[in-house]
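There are two complexes below, and they share subunit A, which is joined by subunit B in the first and by subunit C in the second.
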Partner chain A sequence: MKKIILSLLLLITPLAWAEDASQIMEEAHLANYYAADDAKAHVSMQIINSDGATREREFTILRRDVEDGGDQWFYVFFKKPSDVRGMSFLVNKHPHADDDRWLFIPAIKMIKRIAASDARSAFVGSDYTYEDISGRHPSSDSAEMMTEESIHERNTWKIKNTPKTPEKDYSYRYTWVDQQTKLILKEVYFDAANTEVRIFTNDEMKEVNGHWVGIAGTMKNIELNHTTKVRFSKVELNLGIPENIFSERSLKSAPRKWVR
Partner chain B sequence: MGTLMRLFFLGTILWLLSMPAYAVDLEYNGYLLSSNSNRINANTLTTGEKYNWLVAQQQLHLEIMAATDTTNLIAKIELINDSIDGTQRIDIRELYGEYLGESVEFRLGRQILTWGVADRLFINDVFSKDWTAFFAGQPLEYMKTASDMAKISYFSNDWDIELVLQPTMQYDQTPASNRYVVFGSNMPVQKPANRLGNGEVATRLHTAIGTTDVALYGFKGFWHQPDKGMQAGNIIFPRLNNVGLTIQDSIWGGVLSFETGYYQSADDKDGKDPFIANSQYRYLVSYERDVMTDVTVALQAYGELMHNHQDYLKAAQAAFNAGFGPKPQSKHRKIGTLNIRALWMNQTLTTSLFAMAVATGGRMVNPDVNYTINDNFSINAGGHIFWGGSDSWMLGMMKNNDNLYVNSKWSF
Partner chain C sequence: MSTWIESINKMRFLIFTAILIIVAVTAWQFPKVIIDTDPENMLAASEPVRISHHELKKDFKLSDLIVVGIVNEKHEKGVWQPDILARVAQLNKAILKIEGVVKVDVMGLSTSDTIEAGGGMLDIHTIMAKAPTTQAQADALKKSVLSNPLLVEKIGSADGQGLAIYVPIKDKMMSYQIATEIEALVADISGDNARESYHIAGLPVAEDTFGHDMFIQMAISAPMAGLVLMIMLWVFFRQGIFVAAPMIIAMVAVIVTMGTMIGMGYSIHIMSSMIPIFLMPIAVVDSVHILSEFYDHYRQTPDTKKVLKRVMAHLFKPMTYTSLTTMIGFGSLAFTPIPPVQIFGVFVALGIFISWLVTMLFIPAFLMSLNEEKLAAKIQKHRPAQQSSLGKALPKIGHWGLGRSKSIITIMLILFGASTYGISQIQINDNPVNWFKDGEKVRIADTVMNHHFAGTYMAFLRFNGEAEVMKEPEVATWIEGLQIELEKQDTVGTTSSYVDLVKRVNWAMHEEDNAWDVVPQSREEIAQYLFLFGMSGNPRDLDHFLDYSQGSSTLWMQLSSGDNQSMQAVENVAEMYMAQHPMPHGLSREWAGLTYINTVWQDKMVGGMLESLLGAFVMVSLLMLVLFRSIVWTLLAMLPLTVTIVFSYGFIGIIGKNYDMPVAVLSALALGLSIDFAIHFIARYRETRQRHANMDAAMQEMFGEPARALAKNALIVSIGFTPLLFAPLIPYVTVGVLLATIMALSWLTTILLLPALIRLFNIGEKTYQGKES
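Entry: the complex of A and B
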């Protein structure tokens, strides 16, 4: 009898873990991309090429959630470098459809609506993709629990995520989710030959208004030996950013109160 | 200096004096730009000179912004050295003050505005252009020139409206015969007199229906192109009214746009006057999408449908036969454009190919490469090749002005 129970347990366990892995990725998605109802941060980005030459980007990002796990609005106002200063970018993210995106070009005061079918293209020439910035919906992947590991003395789940529709720049990735905060601490992308192609690490996190947020991260493209470091400062949550901030008006004249 | 500018300066001084110093944020930045474009056709200019430079200039562009929570003062000033004729000048590219209220904004001064959804073709964008800069390959923003205007905007939660008042009209800069090999561009130009009633009014009402951007436009002013009117051997700018519409949305992974406008030539409503352009419908349909990562393709189909073409044709054909005018345009002038743009090397290198074709023959291709060496320094090179047709539209006139250009920019 014991044997039967044991073998049943053995059969059931992988199923339970599979469910857990998807569940954990759902929770990680909410913790990483939907903390509180809105957010504001000042972002500085260093893009470092294989020769060590560095390009910098500085922008303020505002986020407002329409629904947890669902649609979101993003507004980005660029401050550096000089040739993109004053540019602004508005995104209405739809997790299950193409996003709506608008770009404002200050030199000619023009709003340009831009095509958004390629979520894997690079965000402002960095090693982060648009999807890395706004969040890949967990339903796009099948998640499989691998093991539990410790990263910097924090307990994590290591989960294998395989895109349900193949992506051109990687085949699968391992995601390490912090058990306490549900933040992603590390992510390694592999190609079909099981070679590492890209590595994300969460370098620092902080508690803001009861929510844990990553405030420093590194994305490294191994093949190109190209790295982007990101640091968030002045992170604020639940500010009550009005809905009308995410509009054509803000593209044309930055809402100074919110982007300062 | 116009009355508007004088009022503007006075207002600015009062504004600065009324502000406690700590409440004002001051920012400045700018760039040094060198623009060079060389005509590669062998033709001699109609002036007899053999210049081959379309542009050879160095400019220092300075931007200063003083801002409080509800007011902005912006100055963009350029010091320009023209190496072709050895002259220097100061150009006030933009200079305006603005008040940003809860739901109302006022902007007064010299400013640039861009309306509509088209790329390098214009229907509801009734503001002045610089085609000279465009054809010489200067950075694309120089295709738009500023105008002295007052702009009032009102924003509700569901829609917003802009109303633009220009006390004087400002016509487009078109390739002139001192630099370009062009036909008939040395006729004297007569601008509408500076008086009340000769101003221009433009308005744009914008809303979003779901994810679709919809805008309605209205304009009462003048034609801005020099080929729209002639009187006693002078180029004149007849009156023009326009009502228009744009619709834009994301669809099939790309962006689909539609634009239309009815250009009523108010000084020749029935199209009988052979020296004044006829009324016309303009329309544009365009589609843009990524075909692979960092490669975007955009297609535009544009048309102008002329009213009372028969009367126009009779007069224009007679002028053409007598050697006075360009070949008459067809009733339905159709223009297509293709733009392929690709980003390389972590988006530091941009290559693009812009091609434009008029159905009756005029063609242009503009390959362009832009390399951002670092955050401060970028270099841009390309060319314009024209061929086919002698349509009265600009492409036909440009066929002896093939050029290669190099621009370099250092930003600070």
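Entry: the complex of A and C
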């Protein structure tokens, strides 16, 4: 009898952990990408190549959730480099389908729909992918609890996420989720040969209106020795950004109030 | 001389031991060997073009490229068929996993992006994310690739028969290994019944394959040269010990020279790999002279010491001078501006010095260690040298020549004139792919790929200016103009720059309307198109053309020929355009790329070789003045080699063989080697003439033993180089053929032209007139 209980326990324990891991990834997804109902931030981005040469990007980003864990709207207004000022970008994110994207080119005053078949392509030429910015849905991966670890004296769960359909740029990744805030503190991507290919680190976080948000992060491409640093400033949540801001009209003529 | 022979006799065991120790110490260095097959090292690392080439690679994240070609010439659909495309996709993806491949930059159907615009949507996506399953899909894909100026002739050939995958590699020294791995992948993927053929091309492959073959070459040719020498020595002397002694000298010279070179940390380059083959025949020449005379005299006077003293007495001076002149010939290469050629020259000169030294010490010591009775018995039982076929033929040749002094001189003058014309026709050109024989994989791949595609030979023009200047419409328009001009050239398959990307985005933004396939005329528009391009797909694609400051850009040129002449023609066209259309916004330009670098060292080589040839000529002339103390004899001594060099290069010009690296290097060497015959001949003639009443008698003696020694010398050196003819690599074959020809020619001019001139102009007769009466 004891033996049966023991073997049952042995069977159940890994299952329980697996459930936990997926559960944690769901919570982390919401905490990282769906905090509050909308958000606004000023973002400065530094793209640093292997020689230390740097490209700067500055933009304002607005977000509005249609539904937690579901569709979202993003509006991005570029301020720097100066000769691209006024370029703006509208995204309607669909977690289980291709996103809709529109881009406005001020030099020719034209809006163009942009195909978005590849969520893993680079976001504005940085080391972040579109998916890194807008969030990868946890249902795309199978999660496996590895261990608990402490990062900068914060307790985390280390979870292995393996894409259910293989991705071209990595095979699996380890995600360290902060136990208190559910924010992702670190992510390391590996290729099929178990070599590290990319590392994300959350460099700073802050509590805004009762929600914890990451306000500084670094994404490093190991193979290319290429790094992108991102800093969010003026982060505001639950502003009640109207739905009509996320429209073609805003692309052509930026809603001053919201992009200042 | 006789005290010297006596002291050698006393110290002979010391001599043997010393040689043994030096050989052991230098042989000990061999495992440290470093091989360098990089032709870029033909230029010093500090050379400006190398520095700008490396800066270009670093600033624009460029790598050397291997090009994999997939070709189907038989089917009307060419390579655009579902099964072939599926294999190409498989290969393209598999290549990403090879160690040493810069996978983010691999360009091919399955890894590169394309910009398209359909139904109001701008779509930047992988050209062939999935291989088509139906012929209709394949046809559609073909249409979209071949109508895209960024892809046609680069990824897909315009005739639909070829596809290319560009494989950037982290280090060009890995290209042979990577090419081998790709071959294995191809074998695996294509199986036995594939309808397409696969080719691997690109300059790095040619260069690295050359390095690989060089090893094989050294392992085959050097022992073969040794074997040929042994056979010749056997034919001459028919005595094991007389074969062994020169062979020991050759071995000692090769081991000590190579050991010293390796020990000093110099790498084995294409040039220095030829040192053993050069050194062996040259090293044995002095000992052949000694043994040849020793052999002839010993027959009459079987007393080793006595014969040695006599032989050494009149051979010491000519042997020393011939060694010196040969050293000057090779040593003069030290003044060329090409490091591997310098090292080659200096170490061959060192090797010649070592062989001279060892010959002077070892050969007497060796002969005196032999048992006199046995030696006498061996030599006596052999027929006299005068009765050998060589011994019989030479006096006849001499007699024939002396009787036709005027005709010989006239013929020589005519040939000389023809040769000067030939020299004016010389084509200075080189091409690393032509280093391989016809039918070699590398050559076939080169032909096939450059027939179907824009070209596998890369050259770059870099433009530098203030930050962000590349966004100025004036600059973009100017670059576009240069590209149009360059693409008119036959050998320029295509050119690429960031301007092409801007034009492509412009076209795509305007619903694929060809009227918009132009450079936008506002700075913002260019900036925003570049930003758009960088926003989508792989940002690295742009980094290869435009740096982060947007103040520097590259213009890629793909040439279909690796001939230096083609590259030079392209350079001239570009420079002409730049002279006629001054660069806007104070831009400056820099050339780079392996194909371009090859032309730079070729220029240096041609100029440098001419200088080293002239330098060697002057030094050898001065040495002759010191030796003969007579201007007339000096002129006479310099004549055969001058004639030989003029003939050889005239011949090269007339048959249309390119004046390339091996040909260039040979000129100074030929000088150092071919003067030897004249030195021996004149020194011996002057000595002989004193012992005879008239010129005829002296000449008659000259065509006996002295002529035999010269003939042996000529045969050894020219036949000694013939194993190079069997080399798998053309430069070695060229060196072998030319050196053998030069040696044979200079021997022939020496024994025909010198007697003819001496007789015709009664050279030196005034000196002897008193004695005759």
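The rule is short, and it goes like this: the second predicted complex is superposed on the first by the 254 of 260 C-alpha atoms of A that agree within 3 Å, B and C clash if a C-alpha of one lies under 4 Å from a C-alpha of the other, contacts with A are read in each partner's own complex, and residues count from 1 in each chain.
Criterion: a contact is a pair of C-beta atoms (placed from the backbone, for glycine too) under 8 Å apart; a residue touches a chain by one contact, two chains touch by 3 or more.
Everything numeric here is computed off the predicted structure, so don't read it as measured data.
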| item | value |
| --- | --- |
| When subunit B and subunit C are modelled together on subunit A, clash or fit | clash |
| Touched partner set for A:253, first subunit B, second subunit C, both or neither | first |
| First, second, both or neither for A:51, with subunit B first and subunit C second | second |
| Subunit C versus subunit B, contacts on subunit A by residue | B |
| First, second, both or neither for A:155, with subunit B first and subunit C second | neither |
| Contacts of A:124 with subunit B and subunit C, given as first, second, both or neither | both |
| Which superposed partner A:223 touches (first subunit B, second subunit C, both, neither) | second |
| Subunit B versus subunit C as contact partner of A:109, first or second or both or neither | first |
| Subunit B versus subunit C as contact partner of A:87, first or second or both or neither | second |
| Partner chain(s) touched by A:179 [first = subunit B, second = subunit C, both, neither] | neither |
| Part of subunit C, among the options 511-519, 619-627, 673-681 or 691-699, whose backbone runs into subunit B after overlay | 511-519 |
| Common interface positions of subunit A, toward subunit B and toward subunit C | 49, 53, 55, 81, 83, 105, 107-108, 110, 113-115, 117-118, 121-122, 124-126, 224 |
| In the complex with subunit A, residue positions of subunit C that touch it | 58-59, 61, 97, 103-104, 120-126, 129, 468, 471, 509, 520, 522-525, 527-529, 531-532, 534-540, 542-543, 547-549 |
| In the complex, subunit A residues that touch subunit B | 47, 49, 53, 55-56, 80-83, 85, 92, 98-101, 105, 107-110, 113-118, 120-122, 124-127, 168-169, 224, 226, 243-244, 247-249, 253, 256-257 |
| In the complex, subunit B residues that touch subunit A | 29-31, 67, 69, 72, 98, 100, 105, 111-114, 117, 140-141, 143-144, 153, 155, 157, 160, 206, 211, 213, 248, 250, 253-255, 257, 288-290, 292-294, 296, 343, 346-348, 372, 374-376, 378, 409, 411-412 |
| Residues of subunit A touching subunit C in the complex | 49-51, 53-55, 78, 81, 83-84, 87, 103, 105-108, 110, 112-115, 117-118, 121-126, 192, 223-224 |
